[in-house]
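Let me give you the structure first, and then I'll get to my questions.
In this document, chain identifiers A, B, C and D correspond to the written order of the chains, with residue numbering beginning at 1 in each.
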Amino acid sequence: MCRWLAYQGKPCYLDEMLHQPNHSLVSQSMDATKAVTAVNADGFGIAWYGEKPTPALYREVLPAWSDANLKSLAEHTRSHRFMAHVRASTGTNTSRENCHPFNVDSWLFMHNGQIPEFEQTRYSLERHLEESFYLKRKGSTDSELIFLLLLQYNMEASPKEALKKVIARVEAEMRAKEVEDPFKASICVSNGKQFWGLRYATHGVPPTLFYKHLDSGVVLASEPYDTDREGWKSVPAQSFIALEGEQVEITQFEMR
Amino acid sequence: MCRWLAYQGKPCYLDEMLHQPNHSLVSQSMDATKAVTAVNADGFGIAWYGEKPTPALYREVLPAWSDANLKSLAEHTRSHRFMAHVRASTGTNTSRENCHPFNVDSWLFMHNGQIPEFEQTRYSLERHLEESFYLKRKGSTDSELIFLLLLQYNMEASPKEALKKVIARVEAEMRAKEVEDPFKASICVSNGKQFWGLRYATHGVPPTLFYKHLDSGVVLASEPYDTDREGWKSVPAQSFIALEGEQVEITQFEMR
Amino acid sequence: MCRWLAYQGKPCYLDEMLHQPNHSLVSQSMDATKAVTAVNADGFGIAWYGEKPTPALYREVLPAWSDANLKSLAEHTRSHRFMAHVRASTGTNTSRENCHPFNVDSWLFMHNGQIPEFEQTRYSLERHLEESFYLKRKGSTDSELIFLLLLQYNMEASPKEALKKVIARVEAEMRAKEVEDPFKASICVSNGKQFWGLRYATHGVPPTLFYKHLDSGVVLASEPYDTDREGWKSVPAQSFIALEGEQVEITQFEMR
Amino acid sequence: MCRWLAYQGKPCYLDEMLHQPNHSLVSQSMDATKAVTAVNADGFGIAWYGEKPTPALYREVLPAWSDANLKSLAEHTRSHRFMAHVRASTGTNTSRENCHPFNVDSWLFMHNGQIPEFEQTRYSLERHLEESFYLKRKGSTDSELIFLLLLQYNMEASPKEALKKVIARVEAEMRAKEVEDPFKASICVSNGKQFWGLRYATHGVPPTLFYKHLDSGVVLASEPYDTDREGWKSVPAQSFIALEGEQVEITQFEMR
């Protein structure tokens, strides 16, 4: 399990959310409170949009708290739309290629959750990838695979529909291999113009997902980055969330 | 292109070949003379057999010359059978998972050369991998793919036959995609009991491969590690080489 | 604060203590129970003696749990005398040069604890280093400084006397700067032939230190590596411990 | 020896100089033509000024050519004043703390050259550092030491005078230790508002230094980043160069 955060609004320095708050994402890398694992130190990543359609991407295998580059970049980088992720591996190894966010063209993707017993379904799921998407695979995580499937299933046209198709495919393969633990995910994607998020589990309680309106914009996160939690709202389970400007639209996400 | 070295014989410290000679493998990482690329600094790896059937494996993304751990390990590790490799990427990224040697169970594999225009054939070649071998893939190099195909094509029974089958498969896919540059390779594999090597190109001159009898054993290498080259013999092009104890057996390797 | 372990006896594989026990040192890197900080993920190091008087040294900035090299090295390296350390920084940055154990010639040193408010006394303490010892400094930790002072104060002749002199010097500088928090340390050193350890605090409770007799030898550690703790004995506060072969000699360590 | 580049003018993306030119700084990391060492792969660093008085700093131990983070950061970061450096170690180890540029408050410093036989003079030179500057030392290079001495010798008031005082001190210590090789340096510093540079050697030929006026601003570099070298001017030996806006002022730099 992992922790992540996404912000859009008036340009702000990344460290205003990554380092400064009293329960900031970087402090969550050592001591998350809403997560299955308290320590999220198997690498991290940040990505931000500027004037180009493609985002800047910085990923590293160190714990977020101990990387001086992250601290300096976050202090000096201002963006109107950025993502950050601290990773707790569910089995795959610690490498930059396995760190979130994942990026293809102008798209970004990050994820907390997992395909349970991924080794059971990895082979058949990866064979669903068409050549052009297969060749974009650099690492070995379930997360990157979900991202590539989303792109293949035309996320461009409808992120919600693409998510439904991908999850249907994942759950079908899980059933075929008699994997009984639920698929669980809190996902965030962006095309560089807005965010979409998902909070979902096949059954049981999905990973937490919160959002908050700030004076400057909107932030979406695995858990509140301040300890008093004032103003944070929980996204309901089995929900799809669209953030356009400061608009937050939450709709039900049912798989049938 | 890369540089590599393999030794078997009486146990010796790794640094006797990796650091001490005047044109040692580590010095070749900065300044190879027989290679397409003089600089081989996109990571490195060493592996050695001891008392267990499986080898120890140490791989790192730094240039070999700047890694203090490598220096200390090589100075203090003695082995009767070891491999070492310094990497020059032909396109895939620099990560530990993309560094040689590659290891599965008691097998080791390392490689200098490439599948030309690998992105053309990668998709179809990887689809030849059966599930059990596919799941062992951790990186994205053509080298690791060749290794996994060799295991699938029963290298256990005959390394030479497995090499023929894999190269036939690779060259067939290359023809199908009209890739005209030759497949070139100098390969070294071990099951923990002996070495086998290959020097091959579809057409043209394959990467260099040399061997030398020492008082203590036999060494096989991309290029001699001493500048006077005394006692080094070149393995002929299109040859398969088997090293069993101090025995060196070289046989022709023709693809039809 | 950090966690460490030292073993001497019949040669055993490092992973028998670093990975296999249910509360092994590597698992303590994520979840120590006797430490001020539960997470010890600011790098790690291992060192072992073989046939040479100098030890092999492997240090890395990753968390111990996520380094595949450590796992392989520990599985395949056998030693009659080794040290291992997982680090939680008390302020200095995460670099290999700041990871324990520290090594000069045949000596090794590792440490859990700190010189409180080290920036207050660092300048004057480092000026006590003579040129030949000063030039051996590669990092910026208080730990490496203590080690170099020990060497300068003739640890060769008497580790216990050297420790007294160094701590007297440190505490004198602390008083001069009115640093009131206690100096606290659990230290382990070796000359390649035996271990010496210290459990000390200026006042208050020093960091924990335990030892255990195994069938094969003796292990000294910050905390027991098995959850039932059977056979582990606590070293009393303000004690110096000498491990020679299987002999454990504990003597009082008083600063006046 | 190393290679470096500094730009000020209208904001431009860093990759316009670091990656795009046919003999860009990143390509010089593998194949410099004007340097003592062709390979500059012992780490690298970039730093840039934005809206804050302090700069952003990104340093890494990988070769510049193999770091995907550098590529993405350079493609997406625009700055009106930035520095970049690719390192070839003259003996000290490869760590982020030993990579240029060095930063204190709003000051940046980078350097190509060396204090010859630095181990001879390191002890006495570091003892010239006052406590407040001594405590800023994080690594072990001669370069960082020169920077800290410059700050201590009031670079704020006059970079040229501070350089003279520091070099006088260095050369005095070298004479005291009978070091006969010359001190050689091409240095670049900035306070966030402009650049100053130096091309100097005690005797003999100092490291090369070039500058060029672009449409958008001025660039100062160890060697031209385009192979036709059109428009590049060599800074004469024993010269101090001040870049204020697009103004380039070159004055003699004599040590007596």
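We take it that a contact is a pair of C-beta atoms (placed from the backbone, for glycine too) under 8 Å apart; a residue touches a chain by one contact, two chains touch by 3 or more.
By chain, with names taken from UniProt: A, B, C, D = Amidohydrolase EgtC.
No experiment lies behind these values; they were computed from the predicted model shown.
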| item | value |
| --- | --- |
| Intersection of contact partners for chain A (Amidohydrolase EgtC) and chain D (Amidohydrolase EgtC) | B, C |
| Graph distance between chain B (Amidohydrolase EgtC) and chain D (Amidohydrolase EgtC), where chains that touch are linked | 1 |
| Interface residue identity across copies chain B (Amidohydrolase EgtC), chain C (Amidohydrolase EgtC) - same or different by half | same |
| Between chain C (Amidohydrolase EgtC) and chain A (Amidohydrolase EgtC), distance of the C-alpha-averaged centres to the nearest whole Å | 39 |
| Sequence positions of chain D (Amidohydrolase EgtC) contacting 2 or more other chains | 68, 93, 96 |
| Sites on chain C (Amidohydrolase EgtC) touched by chain D (Amidohydrolase EgtC) in the complex | 93, 95-97, 119, 122-123, 126-127, 131, 134-135, 137-138, 140 |
| Complex contacts: residues of chain D (Amidohydrolase EgtC) adjacent to chain A (Amidohydrolase EgtC) | 48, 50-52, 54-60, 68-69, 72-73, 75-78, 96 |
| Residues of chain D (Amidohydrolase EgtC) touching chain B (Amidohydrolase EgtC) in the complex | 30-31, 39, 41-42, 61-63, 66-68, 89, 93-94 |
